[in-house]
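Following this line, the structures themselves.
Both complexes shown next keep chain A, but they swap its partner, so chain B is in the first and chain C is in the second.
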Partner chain A sequence: MTQMLSLHRAPWFWAWMAAFAAFLATWSLSVGGGGGGMALLVAALTFGSFSVLTGLGQMLVITMGPGNTDLSIPATMTLAATLSLKLMGGMTGPVALIVLAGLAAALLIGAAVGVANFTLIRLLRIPPIIATLSASFLYQSLAIWSNRGLRIKPPEVLADFTTGRALLGMPNLAWAALAVSVGFWVLLNRSGFGRRVSAIGQNPRAARLAGVPVARISAMTYVICATMAGLTGFLLACFSGGAALNMGAEFLLMSIAVTVIGGSSIAGGNSNVPGIWAGALFMYLIVSMLNSYGLGAGVRLLLTGVIIIAIVAAASGRKG
Partner chain B sequence: MTRLINPRLALPVLSLVVLIVAVFWLQPRAMSYVGINLLFNLAVPIALATIAQMIIIMVNDIDLSMGAFVSLAACITAAILPVNPALGVLLLAGCVLAYAALGALIEIRQLPAIVVTLGMSFVWGGAAVLILPSPGGTAPGWLVWLMKSKPPLFPMAIVASVLIATVAHLLIMRSSFGVRLRALGGNARAVSRSGRSTVALRASAYGLAGIFAVLSGMALVGLTTSGDANIALRYTLLSIAGVILGGGEFTGGRISPVGAVIGALTLTLAGSFLSFLRLSPDWQIGAQGAILILVLAARLLVRQAEKRA
Partner chain C sequence: MGTQMTNRTGANAPAPAIVRLDGAGKAFGPVKALDHVDLLISPGECLGLVGHNGAGKSTLVNLITGLFAPSQGRVDYPGAEGPLAAGIRAISQEGTLCPNLTVLENLSVVQRDLTGPGWRARAAGRIGRALDAVFPGHRIRPEALVHDMTLAEQQMVEIAIGFSEGATPARLVVLDEPTSSLDASIAAQLLAHVRRFCAEGGAVVFISHMMGEIFDVATRIVVMRDGRNIADRPADAFTRQSLVDAMGHVAADDHSDSSAATAPRNLGDRAKAILRTPEGIEARKGEIVGLAGLAGHGQAEALARFYLSQSSDWRGAADPRAAFVAGDRRRDGVMPVWSIRRNLSLAMLDRLTRSGLIDQHRETEIGESWRKRIGIRTPDMGNPILSLSGGNQQKALFARALATTAPVIVMDDPMRGVDIGTKTEVYEMIRQEAAQGRTFLWYSTEMDEIRNCDRVFVFRDGAISAELEGDQITEENVLAASFEFGETAA
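== the complex of A and B ==
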């Protein structure tokens, strides 16, 4: 009972309220267009899943404390998607094997990017923002070079899976993202790793003195974040019928925005998984609400930026 | 004059000289008034954007909206300034004020600048699309005349770069205003204890950066003679890279305006150098990332060697 009463104090409570309000507002607008609440919910869950998956990784990195942000997410998504689709396109044999090889390739490329990112941060002793930003241009060039303007179609099984709704009429992607989220929740709230990440974010000096292996833990967060970007890139490419060079562009701001809107502290040391979902749904619904007003691309971009900054300013804590 | 040549500048100057020699060796015909002007032409807007980014980095922030903001300034310059000069000037001034307000917001609410500027990049981008939905517009005649003028002895690009470096140096390294701004990056608490308003200081730092960024957009339009909402998006990376190449540090207000301009020149030249090498365009952007990483590695090695000595 006490838990029920203190629900409104949970960091993700207001984010969910905002997402719900945005849903109602968009729904009431789209009734005339014959969209219906179910279609809107399915769309929000589908597109929200991509934001959730990138957001979870970014949240983990941001939890590490001030200055920790991965700016290479868009390039990593493109690189993993391009290379894994290329691999699957050139393979023959049982479908299950091709799918597994593609997925493994995307995850491994992500992990390799994470290792490269952390190596730069550690070896050059430069802020993660600069390291991930400059490295992301290398990843991007690598993707452009390997892609050569070709658009390789994903295997039909994967295209069907990512666009399908097998369980309870809800998108498969949302179920997948939910499963990953549960994994993250356990990792962050029930494992030693999660407690160490939070400890470093709250006070890196105290964490180091308490014997937390700071370098190893932060290396792991960067690897996990990049692996999530690889996974998202893979799924997004299968969903949209192929990899595109700018496919990850919106997920840089999105991954940071859903983390902050969801109630995780931008100054680090405090993360929460349910908020990521609220943030992702809210962002999609707000954009589709602006769409259903019939606003042009310019106004839509402008308002998206203003809304994000307003939320960040309202939810601000101490400086990052 | 002796203070101008400090150790912080040694590495940037060396990289620029090495690159110039390499370019002239690959392409001897570039060693002329026209050749140098062509090589460094685009350096002027990049140098201005780099100074703007440097001012933001000087107060311990980083601006991920620089490219979008310069694009917006370019769109206003190309679409509104020639048709309605009064409105154009008003809008550009409004942009500068918006930048100053952003600085104040960041300080008052203690927000992380990356998140705010990343969000603002959408706002600037949206505004640019509203003002100039498709590439086009014209450059005001006086601007084209200024950017394409041919001063005696040295090409415009060199004259302008020296001018920008001098003005920025005097403003930031020599004036008491500049000292206060650098102090904000060095020790914000000490600044506020000394009775200065950190909000006003951060707002004026952002406002000053806004002025340089607007000038960058205008200079770009003077060169390209038309605008586009995406015209300067790569300036975000270029400006950050320019500051770092020029010996600037990410924290503590330790920057060098002269170095930043040299960094911008180096980056511009690196682009030409890569195309002289016939490097595939696929790798152009990756090469810039690689150069950035190499410079940071070189700086680390130099610093370690200094420590040992």
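== the complex of A and C ==
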């Protein structure tokens, strides 16, 4: 009984309810029954994984409080994907080595972007939203300049992995995202780093006066976020058969939306990992539901917006 | 009793009073900021208003200007409908100019008749004449943005707006710490103008912590304490000493109960200071060092600078060199989302983590032991910190600092809004910790806390004006050093 009560109070509860409802609604529309449900679930998990991976990083940044948002995620994804695929395309040798080199390159590019973002924010005292947004033009230009319109295919083994379903019929990508999520949950709830991120989000001045090394924690947060964007870009490029310049576009707002829908506080200090999954699945399902109704793009976007507002309003009303 | 001492100075002047307070008082909830004050201000008077922080000076001013309605008694403006029609103007301490507007536009904010075609020319005339009259030789352009001006120029503009012509001429101008950012020569110009203004039949209420200025301009001095005017006499009836005595008299029982606390302790040679700040604060191991003086004279800034110099923005430390206890809990201390336990353990996280992960079992143990030790009144340290009363939140913040291994504890007036029971408990704990070799830097605005200290540095205008030790730590000495006399204080 008490467990039921505390479950009901969890910040991600309503997001999961909404995701579940969206699943049922979409499923009931698709003719055919059982098989359709499975296909829908796989699709939701596959596409949701990308939202989860970017959302986790964005959530960490948003937890640091008002003004902290990373708008360079799409450009970072493109840059990391372009450069790592180019690297792998030009390599010869054992496949494992090529794959590892590609992955390492994507992560390192992400980390470098994070360092660059934080440097702009810290040294030039530019608000994070402006700094990451303007820097993202730089990253995007680097990506354009380096690939010159060529579309390099990912190594076959990576293409197979990202589209495959090796375990329990669930997409490999979802398993990977789940593993990363568990890591984030530990980081956020059990580590000193997570505590300090939350402290900065609640009151940066008080955190500094309590001995929190604010600059280091913020730097790490931006680096982790950009690294996640690099990883997502890498996986998405392998999944979709190559990097594209606009491949990250939808993740700018998606990463913020899943964080907010998942019950993390936009005011900072309070965030949770399960909500990210609910938010990501919900966002995918709601779009496919509206698609199944055969609605036009305009109406679809309008309804998506209205539904997001309703969820966030319901969730914040519950807190009050 | 004290209020009976009011001299009916108004009786000497034939002109009717500009403002009359009749048993006026103002309460904010249970706090009586002003209690039954009788006051009469007549044309030609310059009233010096003195008193310690929180004595009720600002509340009195706000009643005079009509910003607050009295919750007791009456405030009258004989011959006028209200404070505005009575020609009452106030220049506040903090500065109320809009930085994004020009001098002219700021004037038009308060003088609402400056509208329509040609208002700029009329405004420029008014402010220009006022500035020329008060501060001859000033170099302020009326079209300049306030934002681009120095602090002193902003203060000059504000004062000039107070004295400028308007739809209703200025009859009573309240100046609250008007010289705080002015240098000596400009301040002298202002004082000369105040005397001129009063000689021409205007009235001024002059608030300052610079005793020299008060004696320079005031024809009458009102001393405030604990929300009452306890003395109201012609300025020449006061000496500097009697004025300080009047401000700082403390009830006799206050002296007795804390005198035992400050038995001199053997702290060793003064040369063995373990810390020295750029301001000149020194402390030895195990010493309780007090920072006294009027609020806002640089004590909190000195403490914050010291703490920030001892801790890093980049490195967390398992053994911090200092720990900080916030006085402004909401701004500097409490993490509102968290439980009491998490709030408590924040400063010692590096001692609780093993390979990056927090040992939650130990965290719970430490939380529980501090709950008992410092007496945080809660059944469960996992409850939200905001479920506690202010005093208990403060205890949790004390525990946060004391639970670290820091040899120096920095306290920024931490007892604000704390009840007397909690205070006594915390004083006792501070003495115990000091006896075990911890050093305390303690800024306080309350005299009974300052008496707990081994050594006291009194601050005035951001610098140390006196260093007191042992028997010298008396309210009289602290007050004498808090106020500017224009000559060396005792």
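Assorted remarks:
The rule we apply is simple: the second predicted complex is superposed on the first by the 301 of 320 C-alpha atoms of A that agree within 3 Å, B and C clash if a C-alpha of one lies under 4 Å from a C-alpha of the other, contacts with A are read in each partner's own complex, and residues count from 1 in each chain.
One rule holds in what follows: a contact is a pair of C-beta atoms (placed from the backbone, for glycine too) under 8 Å apart; a residue touches a chain by one contact, two chains touch by 3 or more.
As the structure is a prediction and not an experimental result, all values here were calculated from the model.
After alignment on the shared chain A, the placement of chain B and chain C results in a side-by-side fit free of clashes. Counting the residues of chain A touched by each of chain B and chain C gives the higher count for B.
Of the two partner chains, chain B is the only one that A:Ser141 touches; chain C does not reach it. By the touch criterion defined above, A:Leu124 lies against chain B but remains apart from chain C after alignment on the C-alpha atoms of chain A.
Once the two complexes are overlaid on the shared chain, A:Val186 sits against chain C while remaining clear of chain B. In the superposed model, A:Asn203 lies in contact with chain C only, and not with chain B. Of the two partner chains, neither chain B nor chain C is touched by A:Met17. Shortest separation of chain B and chain C in the overlay equals 5 Å (C-alpha atoms, whole Å). Put simply, chain A uses no single residue to touch chain B in one complex and chain C in the other.
Residues of chain A that touch chain B in their complex: 66, 69, 120, 123-127, 129-130, 133-138, 140-142, 144-145, 252-253, 256-257, 260, 266-267, 296-306, 308-309, 312-313, 316-320. On the side of chain A, the complex with chain C involves touching residues 186, 190-193, 195-196, 198-199, 202-203, 205-216, 265, 269-270. By the touch rule above, chain B contacts chain A in their complex via residues 62, 105, 109-112, 114-116, 118-130, 133, 237, 240-241, 244, 250, 280, 282-290, 292-293, 296-297, 300.
Within the complex formed with chain A, the chain C residues making contact are 304, 307-308, 311-317, 320, 323-324, 326, 331-338, 342, 346-347, 349-350, 352-353, 356-358, 360, 400, 404.
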